[in-house]
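Can you read through this structure? Questions will come right after.
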Amino acid sequence: MAVRVQREDFDPGAELDRFSAGKTSVGGVCLFVGLVRDYAGHDPASGAEVRAMTLEHYPGMTERQLESIEAEARRRWPLEDTLIIHRHGRLEPGERIVLVAASSAHRDAAFEACRFLIDWLKTKAPFWKVEHTPEGDAWVEAKDSDDEAAKRWQP
Amino acid sequence: MAVRVQREDFDPGAELDRFSAGKTSVGGVCLFVGLVRDYAGHDPASGAEVRAMTLEHYPGMTERQLESIEAEARRRWPLEDTLIIHRHGRLEPGERIVLVAASSAHRDAAFEACRFLIDWLKTKAPFWKVEHTPEGDAWVEAKDSDDEAAKRWQP
Amino acid sequence: MKVLYFAWLKAKTGIGEEDIVPPADARTVGALVDYLKTRSPGHASAFETLSVVRVAVNQDYAGLDTPVKPGDEIAFFPPVTGG
Amino acid sequence: MKVLYFAWLKAKTGIGEEDIVPPADARTVGALVDYLKTRSPGHASAFETLSVVRVAVNQDYAGLDTPVKPGDEIAFFPPVTGG
């Protein structure tokens, strides 16, 4: 159970190994890694070219929110372990932004919890992206689809 | 897009890196790793102690089935890449058995496809587990819950 | 009272963080916003459309009715876009 | 015709793979199974409960009605338990 908010990159393989190392009751680990795309919006054909983005966050509240999201996942599913890593600062296309992972005796719980972590993070964790495009900088707008995804998890 | 059936272990981190390397249109990668548990059945309290297991498979048909499962996932979701690795032979508790992964521009498709890959693999790929316990060897029986999980994906 | 601004609210106010002493009757987030809007044209512009402004009081999500008091940390920011 | 057995069907028949020449009228999987059961007590035991036996013809899943012919590869095995 851990939350890390950091500027530096992380190593998903090493994190995954740490999850399973020495734990013989874990049946499955589900892991999601989010990456920077090189276009704005949903559609590469219409979206502006993204040369880089900068992620701003609210130090203190961000960690609190991520810890609360993680705790909620562990209340809802029988998990062996959970992990959230989120970067801030300037990132270029192809770079890792976020990792969420959940391990459990059974794959159902691992998948559901992993999905829950990223869905809730996207609507609750105080991060904001500004995209650097040839036309200038633009703050990314929150997506209705993220709100919809998060709603599925309302108690 | 790749399928590997092998006796040797694999490196999830290296596989994950290969997924995203140089691909700036991937927004997310979902990966699931299945591991050997040290107890038989669903419940650690009632299940026999598993000291090891041996995975038998049907060389030729196994690869065919995995390729067909992978192709089906790529028909159903807009995926950037997919990967299935499944081991055979003798494995001890804590060892990796299987890896499935899917990458896409958006997390929805990556999660759904990854779940589909493991659900279909569990009911369609010709692998059989025999568990080595202090009471002797026992062939693992197919689980109704796996059939139920696979049914969700029937067209 | 510490007030923080993030993302485009920081750009519009031109301020990341300010220590203020609001009027004694500003006892809710809503009343505080009414006061903050008077501090500069940038503040007024930042709070022009409240439907796209989120607020946290002492690092927990809050609403316009949430009480505020001296010593609190109040943060204003747009809907989040991390992940 | 090549016949393969996996998992406990292999244990019960005592055979992993056998080349057989079934009777000319064994033109479906079902008819082939009827013949195979006569080959040994182990075969008879392996095919005792057909509801827990799966079959593939030339590495594709098949049923009792699926036609078989000389040169085919027929495999019998329990429901799969990989992953």
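Which chain is which? They are A, B, C and D, in the order written, and residues in each are numbered from 1.
One rule holds in what follows: contacts are C-beta pairs under 8 Å (C-beta built on N, C-alpha and C of every residue); 3 or more make two chains touch, one makes a residue touch a chain.
Since the model is a prediction, treat every value here as computed from it, not as a measurement.
Touching chain B and chain D at once is no chain at all. Between the CA-based centres of chain A and chain C the separation comes to 26 Å, rounded to the whole angstrom.
Centre to centre, using the average C-alpha position, chain A and chain D are separated by 49 Å. Work out the mean CA point of chain A and of chain B, and you get 23 Å between them. For chain B, residues touching at least two other chains, in rising order: 34, 118.
Here, these are the chain pairs in contact: A-B, A-C, B-D. Of all residues in chain A, only 34, 55-58, 60-61, 64, 86, 97-98, 118, 121-130, 139-143, 146 touch chain C in the complex they form. Remark: chain A residues 11-14, 16-17, 20-39, 42, 44, 93-94, 96, 105-108, 110-111, 114-115, 118, 149 touch chain B in the complex.
Interface of chain C with chain A (complex): residues 4, 6-8, 56, 59-61, 75, 77-83.
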